[in-house]
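Same chain, two partners: chain A is paired with chain B first, then with chain C.
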Partner chain A sequence: MTCFHPPFTAGIDVGSTQTKAVLLDVSARIAGTAIIDTGFDVDAAAHNVYARLLAGAGLCADAIHTVAGTGYGRFRIAFGDLQVTEISCHARGAVHLFPATRTVLDMGGQDTKAIRVAADGGVIDFSMNDKCAAGTGRFLSAAAAVLEMPLDGLAAVAATGCNPVTISTTCTVFAETEILAWVARGKAINDILLGAHQAIASRSLALLKRVGLQPAITFTGGVSRNSCMVDQLERLLGSRLQVGEQTPFAGALGAALFARDRLMGLQQAVLP
Partner chain B sequence: MTFPAIRAKIEATSLLESWSERLDQLAQQQRTAAYAFVMGSCAELLAAFEIPLFLPEINCLQTAISGTAQGLLQHAEEQGYPSDICNYLKADVGLHLQGRRLPHKRLPAPCLAIATTACNTYIKWAEVWQRLYDMPLFVFDIPGTRNPGHPSQPGDPAFAADLAYMIEQLRDLISLCERITGRRLDPDRLSHALDCTNRMSRDFNAILKLNRQEPACFDAVRQGGAYLGVFNAFRGTDAGVRYFSNALEELQQIRQRCLREPVAEAPFRLLFAGLPCYPLYSRFIRMFSTQGGLFVSSTYLQFASGGGCMGYQYDTKRPVESFAEGLLLTTREAMDSMFLAGDRLFEAQAACRADGVVFHGVKSCRTVSTGLADARLALQSRSSIPTLLLESDMMDRRLISPAQMQNRIDAFFETLRLRRKAGAP
Partner chain C sequence: MKRFAAGIDLGAACTKVIIIDADGEVLARSQEKTGFQPDLAAARCLAGALEAAGLAQDDLSAIVSTGFARHLASMRHRAVTELTAATHGARLLFPAAGSVLDLGGQTIKACRFDEQGRILAFRLNEKCASGTGAFLERTARIMGVGLDQVDELARQSLHPAPISSVCAVFAESEIISQLMQAVPPQDIMQGALVACVDRALQILRQVGLQDELVLAGGVLRFSTAAELLQQKLGCQARLPVDGMLQFVAALGAARIGIRFGKEVSS
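On to the complex of A and B.
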């Protein structure tokens, strides 16, 4: 089958928890997105999300000029034409979505990054906590698991809390024990969850300070969907965050933009 | 960016092997050695008394490179040594607890230990030997810089007081060495050792200066490590003098060749701050070199040479006083290069025309690593030069995550390329 479309480009962000894909048309408009759980088979996740992206847009693979991979599994995308780190991709994607962005907070399933960016989306500095899961989405997954609640429902429950508990440990492993201890002491679930959100937000603030807090700050990554986390971060920062429906896809979007550079014949400045 | 295996690197390997063989022989003959640390080793004084020198830090890093460190660390941990102390100390304790035996060598027991206050761990570490062997321990109290950024200099009253204090301590150490060996200090022998170190130090300093210009002619982490090893283990010796003289000559030739045959794409010139990742030594350097990075300078060479690379020249006509003065100035320099890194890195990156600065903090050496993140912020407040902060360890593989390290390095090079394309200076 041959497709007769102006060429598109795609970005695939293989994260530790979810794999996301973005399709861009020649004018750099988002023509489609897809998201699936990564699971244990990284290769399959990349294939499946790409297939879903194409099906959603009614395209065949021939219509895609370049596919760029990012995320920790970027080198496992067999059909990828180029690979760029998620740090450069989140920076580029965030500035594309919100051109005033000068700092990006990307909170994913296993790591959180603070990135200082230039107006053109180039990375000036970054700091990440990838050694331990404290302050990442994994912390929330652990809370959800121990409280036997769906991850997606945490934010709504936490937002009803009035007297947040203090989660003193920053280690995900010990946080589970601490959450259980609060349950045993009869604390309300919403207050416990609000405390967990606050603990992560304060860790993220420390990370942001390491790169310098230049406004405007854009919140990207899977956890940017969590409205309670947005509220807590805004409270600590004392300013609004730039966040939207597409921010969880910022990494894949950035990758698609690097792919588009190739389509447009632009030099791949970040690549060797 | 890589350089062909240079002669000085090969010679360093064989010199350090001969150093290990000598220690092995001493152990076999039930003879002893003085244990000392690289910051303030007093190698020249020991050479004058013909007391063999053992440098446990160098031995420890060799075990990390050769892959034997993990077992030593585990051995010490099984005896109750905690996971968050200096892993040089812990591996060394593991070694002593298993009878000072490594797969291909044995080590002599100590007859004396010399430590300085350049690192707190030095004293605690030497106290472990003292408990195990009941030998004398001499601790040099080095007066530090009391006005940060403005250390007292020869000619200042404050310096004169510090020097008098150093000379007193040195006289005590000389008496101790005389008691141990049963012979008086021969000033001529000390002068000769100091003269050797003068020449080594002068050439070492000239080598480091070569890389300030473009094109750079050696990697300051890879080849720099070889220079450092020889400088520490052979200071005060004729073999050390020959080595550094040859190394300088070789680099001058390499530089001429680099000028005649320039590479198509200039490397990214990097300044390294912190300690190397010895368990992944070559791989760590390759993570940079394969992306076009070259370490043109390294703060490690300053503190791990005990300030010896600064080119200090002893006055061989008054060996005792000058030795005390050199010990004060060079060890203080080593301490300042760690503790005042924030102030110094700005000048250092400008001097070597760096495109980026790589900070490598290691979990188990707090002396060097504690201030690295702050030093980075201090540098960033004065300069827009890209920086990268990596965290791992210099001994313990369990604290190293190569994939995460690679990811950060990839992102750093993406930034460097972007800047170069945008015409960054």
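On to the complex of A and C.
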């Protein structure tokens, strides 16, 4: 069977924890999304998320003009036509979702980035946790693991906390011990989790301050689904964050937009 | 009447107690996991050491605590920092000691001191688990290897797998992907030990190496780590024997107890 569609483009964001895919139609509207856990086999994750994206839209691979990859596993996407850094993709994706975006906070499974962006989605400046897992989604999954709770349930429990504990250690490894020590001292789980969310939020704020806090600020990446993190960040910033159902897909969306540039015969933007 | 003193080292991973006499002879030692109630661990360890020494708590002329939870040992007469304790312990074991490098469960400490034992410079790993015992424990756990098997496994390695991540959390992901790529487990284990040793050396270099260097800490009970460290140092370092590796700070605390008695200082 042959597909007779106007060409689509796709972006695939192979992250450390989850792999996301976005399908764009010719007019740059989102025609589908897919998400799966990355797991240990990065190549398979890329393959599977793409298959799921196509199946969801009822398309075959021929209908896709260009596939762009991003995320730490972007070079492992066997069928990828181009690769773009996740900094560029999150900036582009965030501005596409919320045109007023001037600052992006991307919080993923293993890294957190603050990016200052121009109106056209270009990157002006960025700052990220290079070598350290502190203040990333990994901190939350570590908390979930030591408390033996599902990651998805953390935000709801944390939101019921009233007297958050202070997590004083920076290192995620030491923080696990600290969380267990709070449990041993009889602190309520919701207060411990609220403390963990606050610890990450304040760490991200430091990162954001390094690139300037120019509004509007858009929160992207997997952790942008976490309503408690959104609340804590908004409390620290004293302003609202732009966040929505599509923000976890901002990286893949940005990649799909770069793929669309190629489809439209546009000059490739200068990528940092 | 003979004088005895106890040193209690409340470390992040393990609590160590040692009882010595006025000549610095060791009468008894005891050790257990610190857990979440360091005060209880200290009390149990002290009771165990007293029993082994055939002494009662009243027979002790002083109890001195050290380690990160030193202020939680309620029976202490005084508390001293790990650096002071390690310095005294190293000098008691090796009178010509000039510096000490301690590879512990959650801390790496390097310290340089003069002939009187006054600390000249020191450095700690501070906020990061990179290269600590906690990192080794996690590596062993994800590899499904017991801590008692680490040495035997690492010893078989011919080509240690390099670990490029500094962060212990990222290193874990790196190790998992190495396992997925069928890198031999012995090479990964040895690679993890190399990472620990390199991190400790980095901290030592910031302090400056001074003869004689005394090595200490639980990580070095893996003899492959001790050998690696000696190799990379390129100089002869002193390694406490007879199971004293983990008791250097406790020994120093006890020594301070013998010298200064019960008088409480700040």
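Odds and ends about this structure:
Quick note on the criterion: the second predicted complex is superposed on the first by the 270 of 272 C-alpha atoms of A that agree within 3 Å, B and C clash if a C-alpha of one lies under 4 Å from a C-alpha of the other, contacts with A are read in each partner's own complex, and residues count from 1 in each chain.
Criterion: a residue touches a chain if its C-beta (ideal position, glycine included) is under 8 Å from a C-beta of that chain, and two chains touch if they have at least 3 such contacts.
Fair warning: this is a prediction, and the values are worked out from it, not measured in the lab.
After superposition on chain A, the partners chain B and chain C collide with one another.
Shared-chain residue A:Cys162: touches no atom of chain B or chain C.
With both structures placed on the common chain, the touch criterion links A:Gln110 to chain C but leaves chain B unconnected. By the document's definition of touching, neither partner reaches A:Ala78: not chain B, not chain C. Of the two partner chains placed by the overlay, only chain C lies in contact with A:Ala184; chain B stays clear of it. By the touch criterion defined above, A:Phe40 reaches chain C but does not reach chain B. Legend: residue contacts after superposition of the two complexes on their common chain; A:Arg138 is shown touching chain C, with no touch to chain B.
Shared-chain residue A:Met128: touches chain B; no touch with chain C.
One listed stretch of chain C collides with chain B once both complexes sit on chain A; from 201-209, 219-227 or 255-263, that stretch is 201-209. For the contact definition in use here, the residues of chain A common to its chain B contact set and its chain C contact set are 131. Against chain A, in their complex, chain C makes its touches with residues 12, 35-37, 106, 127-129, 132, 134-135, 138, 165-170, 173, 176-177, 180.
Contacts from chain B toward chain A in the complex involve residues 291-292, 373, 377, 380, 384, 386-387, 389, 391, 401, 403-404, 407-408, 410-411, 413-415, 417-419, 421-422.
Considering their complex, residues 16, 40-41, 110, 131-133, 138, 142, 169-174, 177, 180-181, 183-185 of chain A touch chain C. Against chain B, in their complex, chain A makes its touches with residues 72, 84-88, 120, 122-128, 130-131, 210, 212, 267, 269-272.
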